[in-house]
Amino acid sequence: MNTVYLYTMVGVGLFTLGLYALLIHSHLLRKILAINVMGSGVFLVLVALAAPTQGAVPDPVPHAMVITGIVVAVSATALALALVLRVRTETGRAELPEEPLE
Amino acid sequence: MEAISLLPLMTLLQLVFDTLLGFALLWLAWRALASPELFQAIVLFIAFGLLMALAWVRLDAPDVALAEAAIGAGLTGALLLATLARLEVKNRAKSELEKKHEVRVITEKSKHQTFFFLLRMLLFMVVATGLVYAVLTLPENTSGLAMPVLENLESSGVSNPVTAVLLNYRGYDTLLELSVLLLALLGVWSFGGIPKPYRSFPGPVLNMLSRLLIPLLIMVAGYLLWVGAHAPGGAFQGGSVLGAAGVLLLLVGWRLGTRFVGLPLRITLVFGVGIFVSAGVVFILLGRQFLEYPPSFAGVLILLIEAAATLSIGITLAALFLGGRPEFRRHK
Amino acid sequence: MEMLYLAIALFLLLTLVAGLWRVLRGPTSADRMLAAQLFGTTAVACVLLLAQAFERPMLRDVALIFALLAAVTAVAFVRRAWAAGDQNDAVK
Amino acid sequence: MFITMQEFPWAVIIIVLPLSGAMLSFLFPRWVKLLGVLVALSVVAAVVGLGWQVVEQGAQRYAIGGWGAPLGIDLYADGLSLLMLIVTALVCLGVSVYSTGYFNRAYFRRSKANYFWPLWMFLWAALNALFLSSDIFNLYVTLELLGLSAVALVALAGGADALTSAMRYLLVSLLGSLFYLLGVALLYHSFGSLDIVILSQQVEPSPAVWASVGLISIGLLLKTALFPMHFWLPPAHTSAPAPVSALLSALVVKASFYILLRMWLEIFPVGGTALGQLLGLLGSIAILWGGIQALRQTRLKMLIAYSTVAQLGYLFLAFPLGSYIAWKAVLFLLLSHALAKTAMFMAAGNILHFGGHDRIKDFDHVVQYQPLTSAAFALAGASIMGLPPSGGFIGKWLLLEAAIHSGQWWLVIIIIMGGLLAAAYVFKVIGYAFTQSRVSHQTRRVPVHMEWTALVLALAAILLGLAAPWPLALMDIGLPFGEGAAG
């Protein structure tokens, strides 16, 4: 029981931490790291709450969901990293302009 | 007698282990996101992935732990390192200026009113507390779908429940997810050619290492694919280990022969989704539902689909690591 | 016996956290990467101990993947990040 | 053994067709155009098939893999999803025809043009899968498929503007998905199911449900670009290639709105609460702010993009009302906006191609040389403004009726002011288009079918108003909005 809530809280913590970092950092690589940390937080919540209570079997559906999520996350990360390189080539910086162009 | 008296101590040890792991995770994430240097941030992130895999082990989710160890800690780390290297090489003349700029931004931000900083922190604390409260009030014993999953395991064709969910009960999700992976590669290729070719040659140590390691990785990929039917493992884990073998090949400077870069490569990339969709459609024509496998040969079918998926996932991940369309060569 | 395995696993986790100090201190990127590699090794041991302690033999596969993939990240570091860093130094 | 027409799984075919089309056009880049048009025509046929099934037999439920709801994933098609699929099919057929001309141009490298087709068909597959899904985790996967393909399509235009806005769009899209996924996690662990219908039967208010309402709403509102979360939309929709801008404004932002609508209608019993009022307020601000910003723009595509921000605002006016008529009005507005906005972006693409720029001030002799494009823009503009007998008119009329009926007069004022603002920015463009030029500059010929596609879609937006009873009747199949009398 303790394990469940402990890891769930860590998951929530990672989610908020990632969200905070995503909003305050300007470097794109760091934003991508932040998104990945947020994702790990969500996955942790999903699996922790499915952990078995004393001797029972764990619920396999969230496990499958998280595996799906991990593959989606690596796909998105790869696309984002390739995009960062292109942005850098075109603009000379790996950051977004502060104001969206008007 | 002894075993019983040791039980509370065992629980205590577990609790200490979990607490330590939890704090280490949070601390690592925080340091990775706040560290002033990007390289350090990435190394910390790789370490974070390792500890995440330990957390999955503790939560009795070995399938997820395998996926995290291969993808989260392994391939994502390699991807990040390669991107960082390209970012730093590309504008190395500018890099000094860039660093100054970065520092200036940071100092400006720290000069920026502490009031807003505190306000932001407060907001995030409220969000986190709200979420934790919501989680704590969840009903305690929802076993979710564990029961129906186990009851139908017999007719699913495999005995590992997670594989049964991924490839049979919720196979449609997996089909779409393989499409996401293929789509990401398409997106990367649509940006253009490989960003920067490397000209340095591997030393003798690396050459030896890769010769030893690559066959081993391919063998382990096959093993994970095979074992997935009844124990933790399966197409994703196998595929990402295969992808790691591909990444290693690319790192020692190996490139696919130009003969294979065109249609043969594209066919291999599409293979996984293609077989999956065809298997689904064939059963519609046979009068069953989409992706409804007859229990008698569900096991064989799942292995077939998984084998195709493993191959495609591996090649796709390696191609993603390359970072661009292989046939297109940019000159300096 | 399980107790002992768990206790050792806990001890390894502690050394792991201590190793973080090296990642934070550096001073060179190679130091940091080596420390992270050490993490990998410790994590392998940790997983194996947990596998024994909770009688989950299939967790050994996780340790196997850890060991294999750590080699791949190390090569990625040497071939990409480090090489790039050297070129940077040369320019300076 | 073989299945009859009555139970032919059209829903699956609608998803599988564009997915296979995407793979085939990736494999054989030489035949992309032929494949694109063929797939578009066959999906339209399949949607007709599904439509016939739904009209004849009522709402359809299809168990993928034969497992059924809690264990497996179900597809579900009622009037609401059917209408979304129909408008998607129409817009995508238009985009398909238009793109055979658009991606033929000299300045689109062939390699880039070849990637448009598979990416676009992935986007279409994602949309169809999303509108048919009845499973909240499956919806997450379709959202990711949709988001990644949309980002790659924006980046296809190349150049600093397109790449930076694609990057911002990607971050926003991933962030939105993660919020949504955390909400899904809480719902699953509260009720042990992922199916919308099962959840709607079991759901009861609890802190976890409220947290997931918040998370899912924020995530989806971010993707729908409701004010003040619209910041990413104008640059992304402006810098994309014209057919992509059309797809994004017409369909992609509506997809996340559709999920939100389903969630609010079926799972979350929060219609007409303070949260609904808040959404209505944000929608009103979006209408005014988007309209004023559109009026201030000097470039045509930017103007159209801000018009999208304003028009999306209308969709949220139904939340404070929460009545049967209001939901139907909003869905009708959504359909007519999809058609009209596609026509507008296509017209803008034609003008850009013709003169090489989209500065509104320099729109001389556009009407002279491109009468069809100008007519398309004017007709689409009429629907956006809400002039009778267009589809936009019927939607706004119904919405006004709902607002008056519930006595919320402030909404009436907002709806009318939004219409006036729309009239101002549409006439600004048309006014400049009629001016005579003194200097003639370099121009290029626009393929005829690109002009005709824009015109046909604009006409469809007008005709939607004339044929209003038909879609309004379709909306009632499966009672997605509850009983008419109860509202």
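Before moving on, here are some points about what is shown:
Should a chain be cited, it is by its letter among A, B, C and D, assigned in written order, with residues numbered from 1 in that chain.
What we mean here is this: a residue touches a chain if its C-beta (ideal position, glycine included) is under 8 Å from a C-beta of that chain, and two chains touch if they have at least 3 such contacts.
Bear in mind that the values here come from a model prediction, so they are computed numbers and not experimental data.
Touching chain B and chain C together: no chain. Centre-to-centre separation of chain A and chain B, using mean CA positions: 12 Å. Chain C and chain D have Cα centroids lying 47 Å from one another.
If each chain is reduced to the centroid of its CA atoms, chain A and chain C end up 21 Å from each other. For the pair chain B and chain D, the distance between C-alpha centroids works out to 32 Å. Residues of chain B found to touch two or more other chains are 14, 58, 60, 75, 84, 86, 131, 135, 138, 143-145, 149, 170, 173, 177, 180, 183-184, 187, 191-192.
Multi-chain contact residues of chain C (touching two or more other chains): none found.
Counting partner chains per residue, chain D shows two or more touched chains at residues 137, 141, 144, 148, 151-152, 155, 182, 186, 188-189. In terms of which chains touch, the assembly is arranged in some other way, matching none of the line, ring, star or all-to-all patterns. All chain pairs that touch, listed by label, are A-B, A-D, B-C, B-D. If you check the complex, the residues on chain C that touch chain B are 2-3, 6-7, 9-10, 13-14, 16-17, 20, 23-24, 26, 29, 32-33, 35-36, 39-40, 43, 46-47, 50, 56, 58-59, 61-62, 64-66, 68-73, 75-81, 83-85, 87-88, 91-92.
Across the complex, chain A meets chain B through its residues 1-3, 5-10, 12-21, 24-27, 29-30, 32-34, 36-37, 40, 43-45, 47-53, 56-68, 70-72, 74-79, 81-86, 88-89, 92-94. Those residues of chain B that touch chain A in the shared complex are 14-15, 18-19, 22, 25-26, 29-30, 32-34, 38, 41-42, 45, 48, 52, 55-56, 58-61, 63-64, 67-68, 71-72, 75-76, 79-80, 83-84, 86-87, 90-91, 94, 98, 102, 105, 109, 120, 124, 127-128, 131-132, 135-136, 138, 140-141, 143-146, 149-150, 161-162, 164-166, 170, 173-174, 177, 180-181, 183-185, 187-188, 191-192, 195, 236, 313, 317, 320-321, 323-324.
Within the complex, the chain A residues that touch chain D are 15, 19, 22, 28, 31, 35, 38-39, 41-42, 45-46, 49-50, 61-62, 65, 68-69, 72, 75-76, 79-80, 83-84, 86-87, 90-91, 96-97, 100-101. Put simply, chain D touches chain A in their complex at residues 137, 141, 144, 148, 151-152, 155, 159-161, 163-168, 170-171, 174-175, 178, 181-182, 185-186, 188-189, 194, 231-232, 234-235.
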